[in-house]
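Multiple structures follow.
Each of the next two complexes has chain A plus one other chain: chain B in the first, chain C in the second.
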Partner chain A sequence: MEKHEKQRVVTPEYMFFEAPRTRHFITGSEAASEAVRRANLDIAIAYPITPQSETMQRVGDLFGEGFLKDYYRAEDEIGAFSAISGASRTGVRCLTASSGPGLMRGLEVIASWPGHRLPLVFLIMCRVINAPLSIQPDNLELAYMLNTGSVLFHAENQQDFFDYTLAAFIISEKCEVTLPVSVAVDGFFVTHARGWVEMPSAELKLPGRDCYNEAVPMIDNENPPIRIARDAPIQKSNFISYQMHAAWQQEIHAAQERSRRWITRYMGGLLEITNPDAETIIIASGSAVSQSREAIRQAQDMGHKIGLIKIKSLRPFPVQELRQACQHAKRIIVPEFNCTGWLNREVRATLYGHTEAEIADGPRVYGGITMPTEMILEWLLDAEKGGQ
Partner chain B sequence: MINSKPYRVVPGPEGLLPPAAATCGVVLPEKGEGLVLGSLQSEQDTLLVMARELLTRKNPTIFPGPLVLWAWKEGVAEKAASVLELADEIPGVRIIPMPDYRPIYPKIDPEAVINPCHPNLTIWHNKIEVCVFVGVHCHFANITLKMIRAGTNCYTITLCHEAGHEDSMASLPFCGSDQVRALTEAIRQLKREGLRPRYADTPGIQLTPTQQTVLSGLAWQHGDGALAE
Partner chain C sequence: MPKRVGSSHDKEKVHKERRFDMALRTLNVAPGFMRFMPKEYQDLVEKGPFGRQIKVTDLGTFKEVLEEHPMCEGCAMAFFIRLSLAALPNPEHTVMVGTAGCGRLAISQAAIPFVYGNYCDTNGVATGLKRGLQIRFPDQHKDVVVMAGDGGLSDIGFSQVMHSWFRKEKFTTIMLDNEVYGNTGGQESGMTRKGEVVKMAPLGKQFEKIDMLGLAQTSGVAYIARLTPTNPSRVFSTIRKAVLIAREVGPTYVQAYTSCNIEYSIAPEKVLDDARQVEKERYGFVEIMSDEAKAYLERIDAESKA
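Let's look at the complex of A and B:
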């Protein structure tokens, strides 16, 4: 008997909220693979790249132990992401992962997943995008992921990486969602560092994918009506073809919207607020949240009350929640680990016309630089003085 | 500054490219609820709205999809039977299937099928002003509903086997044969209460001209004038 056959299937609600948990001091890569151990995963396909490799090596170990039905290294990222598309079409639970340049290489395929309505989980261990060559942490690649149509979460730490990954499988496969869910984490800071993670027993696993009850028929050449193709229409140059494609694109974004209900149910909301009545607020995602927490503690020691909004879901973006949370804000700063400030742009676009707060254009570090908490603190104090 | 008026999903034509209702704040109903014009209602109220529209609008049509056209798993044949019972209670109703999602080129026969790649052709040709989708995979139902709302004045009803459809004017989620039969019962209730159906004088299922031709052809093949089973 394979190990996955010895695990007990439990409901997502039991797995996420009720099952007793024990604490483990583990790396982000270990946390992700422990989530996979409990995910009732069928197949994982990936191509190695730092800092993703360790997680997928560990998923390979899980295959060796009998927790997955299939696992292999593809020829490159285009191959890996194409192969996982095929796997998802056949109705099995799928996982792939990548980092920085690997993600960029496979981006065309990644952007095709939502249009094909492919449930799968894509782990992103963020890293600098070349050139020049670098293997340092930086999350610029998420700017490219924002408009692919994928649901996109940004985990702060090892615990989030465990929880979001498990939830991602279930949210991805909900009929009204039927989309890939990407779970991003800042490479090295989280993947290669240890943190406390509370996990339910490894003897439990999620229910398997219910592929006959999804938004599109999966490929099953034996059983009607499933054998009908789900091809996109032939591209004719006429209005009806244009309109069909437009409606199809709308449907992808509508499906993203529908994931809100499940993100709220399984992840406690699209954002998390600390000190909601503060007039100066930090808005951050990923490991910038952890840095911000420490800066807020230091500011508090100096007598300043600072609010913190942690964005958990980048797609869908918590538009209404953010507007409500920033209603009384006077100053906002947005610390990020990338040079373009993609989160800052999201925040500005969301809050335009909905807040009178000054939104500072930073702080940001990139290229692998760690963001010192003192830097955040400086921006906070300057903002309070009316600077920046 | 902010337009917080709830978005209403009303019959079109809404224009070139109306937004997806889900992106305008319309949320799907939970089990036991329905959706009418973008607002959450009780299941019973939703059924009564559906029943009234089916009895009073022009050219009511049922569009059964693959999930009820083939007996591909237990319970489907019973659900299909419940759809036929529903049809029997709607005077003048037509049944035009959506058997496949692939585009039909160079020309669709709108009296034979409806297709998600160009559903408005079937609506326009048959002058359908109220329709029911049942047994269609949700993705294809959704793109179909958006195109119908954009270009036609058809009132769309969805009896969804899953979570429902924001872009239809009336939607019931998690529909099995019990819910389909509840709609049939709602129609009977309205009739008992005195509602005279628009096509009260033409009871039963009406065949489109193409369906009549096919039926005639099959009868002719038998050579004895008997209709094919």
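Let's look at the complex of A and C:
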């Protein structure tokens, strides 16, 4: 009997909220692969790139142990992402992963997954985009992911990486969603560092993919109505083709919007607020949240009360929640681990006309450096003084 | 069940198979509604190739999965695609995979599920399809067939083609070799012959046609064939062998000369003459089979006669 056959299927609600959990001091890569162990995953397709490799080679070990039904190392990212798209079309539960340059290499394929309405989970272990060559954490690649149509979460730490990954499978396969769900973490800071992770028993697993309860028919010749393509691809330059393509794109983004309900149910909302009544607020995602927590603690010791808004879901973006949370804000800073400040732009676009607060253009570090809490503190105190 | 026309098979047997075969059952609409379906669909259900073995001599007596298409007048590729689709051993359990190029304009209009993904991705997508179908239907052969052009398979999709062969993925790859990028307006491809002056080769192509057959052999492809569409019986038997061998033995590759009569200025009524000439002068009929593939064909032949 294969290992996965010995596991007990439980509801997502039981797995996420009710099952007793035990605490483990593990790396982010270990946390992700422990999520996969409980995910009732059918197939994973891997291609090595630092800092992603460790997770996907651990998933390979899970295949060796009998927790997955198929797994292989592809020829490159385009090969891996193409093949996982083929597998997803047949109705099996699918996983792949990448980092920085690998993600960029496969971006044509990634951006086509939502259009093909392919449920799958894509793990992103953020890394500098070349050139010059570097393997360090820097999450610029998420700027490119924002407009692909994929649902996109940004995990802060090892615990998030475990929880978001498990939830991602279920949300991705919901009928009204039927989209890929990408779960990003900052490389090394999360993937290679240890943190406390509370996990339910490895004897439990999620229900398998229910592929006939999704938005599009499977390519399996078994699914009524049989999928017979009688229409040429929509490629002519005429009014009908514009309308068809426009409607299809709108539907992808509408499906992304419809995932809000499930993100709220399974992940407790698209954002998380600490010190909601503070006038100075930090808005952050990923491991910048952890750095911000520490800066806020230090600021508190100095007598300043600072609020924190952790953005968990980048797509869909928590537009209404953020406007609500920033109504009384006077000062906002947005610490980020990338050069262009993609989160800052999201925040500004969202809050424009909805807040009186001054939004600082930073702080940011990039190239892989960690963000000193002193730096956040400096920006906070400057903001309080009305500087920056 | 409506009466079938043009089938030489035992009707009772066909009906029995149909009752137990989900893929065939899904072709039928709810009782009473069939008469409201388009005539084309009714014909597919009543007179289509599903659930029975079609012979080349049956052409013209049944509703083919591909009839209307927007290909150019006299297109050899359209003819070859028509023959290939009629030759599929189990069209009701077949998934086609294609990519950018002329071929997909016809393939996508056939009554067979067709996946059109991105540039270069045919053999990756086919790998995932085959493995996913294997997980879900371990007891049912599901045939995956890649059918794409010379540009799609030998240039942009080259890496995925080669790696699917190295991995011994069990599906068929069919190259529609018109020796040019036809759909984008006649640019040089890796399969264009050396010296040909086509777009993007203003001085004539500088290197030889890629030896895909040799590469397939080196990669251990179980069944390799090269042919032209001059002989429909041969196209039938080649496609059948390629699809059947891919079920059990390993990857298979068919390379068909399907001239672009527009870019190479061949009059529509001369297209088959050209194919015969090219076959005679340089393309020929080549068939390379592994011992394992040979033994497998002999075994299923013996079983079908028993």
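Here is the rule we use: the second predicted complex is superposed on the first by the 376 of 388 C-alpha atoms of A that agree within 3 Å, B and C clash if a C-alpha of one lies under 4 Å from a C-alpha of the other, contacts with A are read in each partner's own complex, and residues count from 1 in each chain.
Going forward, contacts are C-beta pairs under 8 Å (C-beta built on N, C-alpha and C of every residue); 3 or more make two chains touch, one makes a residue touch a chain.
Everything numeric in this text was worked out from a predicted model, so none of it was measured.
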Checklist entry - Can A:Ile369 be said to touch chain B (first), chain C (second), both, or neither? => result neither
Checklist entry - What is the contact status of A:Gln243 with respect to chain B (first) and chain C (second): first, second, both, or neither? => result first
Next on the checklist: Once chain A of both complexes is superposed, is A:Arg117 in touch with chain B (first), chain C (second), both, or neither?
Outcome noted: first
Item to check | Touched partner set for A:Ala349, first chain B, second chain C, both or neither | outcome: neither
Checklist entry - In the superposed arrangement, does A:Val9 touch chain B (first), chain C (second), both or neither? => result neither
Item to check | Partner chain(s) touched by A:Glu176 [first = chain B, second = chain C, both, neither] | outcome: first
Checklist entry - So, A:Ser82: does it touch chain B (first), chain C (second), both, or neither? => result second
Checklist entry - Looking at the overlay, what does A:Ala202 touch: chain B (first), chain C (second), both, or neither? => result neither
Item to check | Where chain A meets both chain C and chain B, residue numbers | outcome: 223-226, 228-231, 233
Item to check | Residues of chain B that touch chain A when the two form their complex | outcome: 1-2, 17, 19-23, 27-28, 66-67, 69-70, 72-73, 99-103, 105, 116-118, 120-121, 137-140, 142-143, 146-147, 150-151, 161-164, 166-167
Checklist entry - Which residues of chain A touch chain C in the complex? => result 42-43, 45, 69-70, 72, 74-76, 78-92, 94, 108-109, 112, 116, 219-233
Next on the checklist: Residue numbers of chain C touching chain A in their complex, please.
Outcome noted: 22-23, 25-27, 70, 92-95, 97, 104-105, 108-121, 124-137, 142, 159-160, 163, 167
Checklist outcome for this item: So, in the complex, the side of chain A touching chain B is made of residues 117, 174-176, 178, 212-217, 223-226, 228-231, 233-234, 236, 240-241, 243-244, 246-248, 250-251, 253-255, 257-258, 261, 353-354
